[in-house]
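You will see two complexes here that share chain A, one where it goes with chain B and one where it goes with chain C.
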Partner chain A sequence: MESMNVSEMSVFFGNALKNIAYEMAGVELIDTVPGDIAAERKFSVIVGIVGAHKGRVLLCMGDNFVQKITEEMNCGKLDSLTDTTLYIGEFSNILIGKAISQINNACKTFDLRLTPPAIFSGKRMRIITPELQSSILSFTSQFGPASMDVGFERCR
Partner chain B sequence: MDLKNAFNTAVLELAGIFGVAAEYKGDVVEPVLSSANEVNVTIGLSKGLKGVVLLGMKRTTALKIASVMAGSELTEMDECAEGAISEFMNTLVGMGLGNYKTAVQVDFSSPTLIVGDEMYLMISRVESSRLQFMFDNEPFCIAISIE
Partner chain C sequence: MAKYRVLVIDDAKYIFKAVKMALEPKGFEVVGHAENGKIGLEMYDQLRPDVVTLDVTMPVMDGIETATLLCKKEPEAKIVMVSAITDEGLRKSAMDAGVKYFAPKPFQPDELVSKVLECLSGT
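Let's turn to the complex of A and B:
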């Protein structure tokens, strides 16, 4: 039986975020110690994972980071918060999908699949999710911070 | 009883249990499941029904509900209030699904609470029904989105 723990899986997600942010928007992310994202407006995306392991990835980003990514994706400014929300949801879907494909290639019995992303944005926003065995990855960039919380219900 | 009526009945029953005046104000169908409320709780449905139930309200409404549940007046969204609101949603979804008579079992996830100011939530691009209530004279809504 193939197995992988949460930390091992989180490496795939962290690398996917770094690679996709660089490839799509030229944003270089550097690993840093976990801490609160200090931006006034924050964006969060939750993508559920189903298959042999159930879990979720919670991606949190500051507004400058989101603005840079979404403007690069659109090749120009976006008119509304709804558009920004949809673009950042798609960005998250792409990178989490990439990580899931790599995990499935490494452990074929996992057969992990994604649920559509739920995207939240707000000022002084807090998200309280059920406690899971999770691994937190934090990054910094010239456009502000980003963090990822990768959690699974049951995992080695 | 259909799902909309099942949840409508559940809200009114739950309000009755807590001794709070609740009034159904109607419902609207929306092309997506979104919210701009300050306090939101989501629960995912799986197995017999796949979808999401969203509870949305103002901070003042959440504090009123949390105070009734905690048995003492709560003035800020602290851990106690967050726990009470999550439990309220858990009970509401349990009662709603209990009222919805179906041959297949429906599972529901633990609640996720999202609190903040100037919020915008895009939870699903599946059509949703938003049931609107006045709960102790405060607006309150339940949105149900089934795939």
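Let's turn to the complex of A and C:
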């Protein structure tokens, strides 16, 4: 029986975030210790995962990081906060899609799939997600921090 | 030479723009953008594009169901599946639905152009 625990899975998600941020926007992310994201405005993206294991990935990013990523994606400034949230949602969808493809290729019985992302932006946001085994990854970059909380309902 | 007409079925506005930026300088005409498969099938009937770029994860109707319905109704439909999900299981589901051509997300413009041309020529 193929198996993988949450920490093992989270490595795929962390690597995908680093690779896609670099590939799409030239942003280099460096691992750091978990902590609150100190930014006036934050963006959070939640993508559900279904298949043999059910879970979700929560990405939290500061305003500067999101502006840099989305402007590079758009080849210029975006007109509205709505467009910014839609672009960062697609960025998240792409990197999480990459990670689950690699997990599925490693563990074929998992057959993980994504739900369309939900995106939030605001000031003083705090999201609490109980009753999941989760693994928190934190990163820093010259455009500010990003963090990722990978949680699954049941895993080895 | 007539332009090849392209329909983009993808819930992401960014991908619509990226597909336009990749294909239009090469002489393609991007004739429409549908945000999910259900709208995409309706737009296919109206626009009769030469080729469709199709996402997988979308609200309302996903890419696999869209490809299944489109290929059943239009067996000659030309589809390039453009997705970040590239695992073997998904490729098999897509191929079972009738999709033969795949491009990854994110894509380089030339990479997408060559996949669309391959799809159009049936190579």
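The rule is short, and it goes like this: the second predicted complex is superposed on the first by the 156 of 156 C-alpha atoms of A that agree within 3 Å, B and C clash if a C-alpha of one lies under 4 Å from a C-alpha of the other, contacts with A are read in each partner's own complex, and residues count from 1 in each chain.
Heads up, the rule we're going with is that a contact is a pair of C-beta atoms (placed from the backbone, for glycine too) under 8 Å apart; a residue touches a chain by one contact, two chains touch by 3 or more.
What you see is a predicted model, and the numbers here were worked out from it, not measured in a lab.
When the two complexes are overlaid on chain A, chain B and chain C sit side by side with no clash. Of the two partner chains, both chain B and chain C are touched by A:Pro116.
Contacts of A:Asn104 after superposition on the shared chain: chain C is touched, whereas chain B is not.
Contact with chain B, but none with chain C, is seen for A:Leu81 once the two complexes are overlaid on the shared chain. Within the superposed three-chain model, A:Asn93 lies in touch with chain C and out of touch with chain B [touch as defined at top]. Rounded to the nearest 10, the angle at the Cα centre of chain A between the centres of chain B and chain C is 90 degrees. After overlaying the two complexes on the shared chain, residue contacts for A:Val33 are found with neither chain B nor chain C.
In the superposition on chain A, A:Met73 makes contact with chain C only, not with chain B. Shortest separation of chain B and chain C in the overlay equals 5 Å (C-alpha atoms, whole Å).
In the superposition on chain A, the residues of chain A contacting both chain B and chain C are 86, 89, 116. Contact residues of chain B toward chain A in the complex are 42, 44, 52, 82, 86, 109-125. Of all the residues in chain A, the ones that touch chain C in their complex are 20, 23-24, 73-75, 83, 86-87, 89-90, 93-98, 100-102, 104-105, 108, 111, 113-116.
Of all residues in chain A, those touching chain B in their complex are 41-42, 44, 46, 48, 81-82, 85-86, 89, 116, 118-130.
Interface of chain C with chain A (complex): residues 11-15, 17-18, 21, 56-59, 83-90, 105-106.
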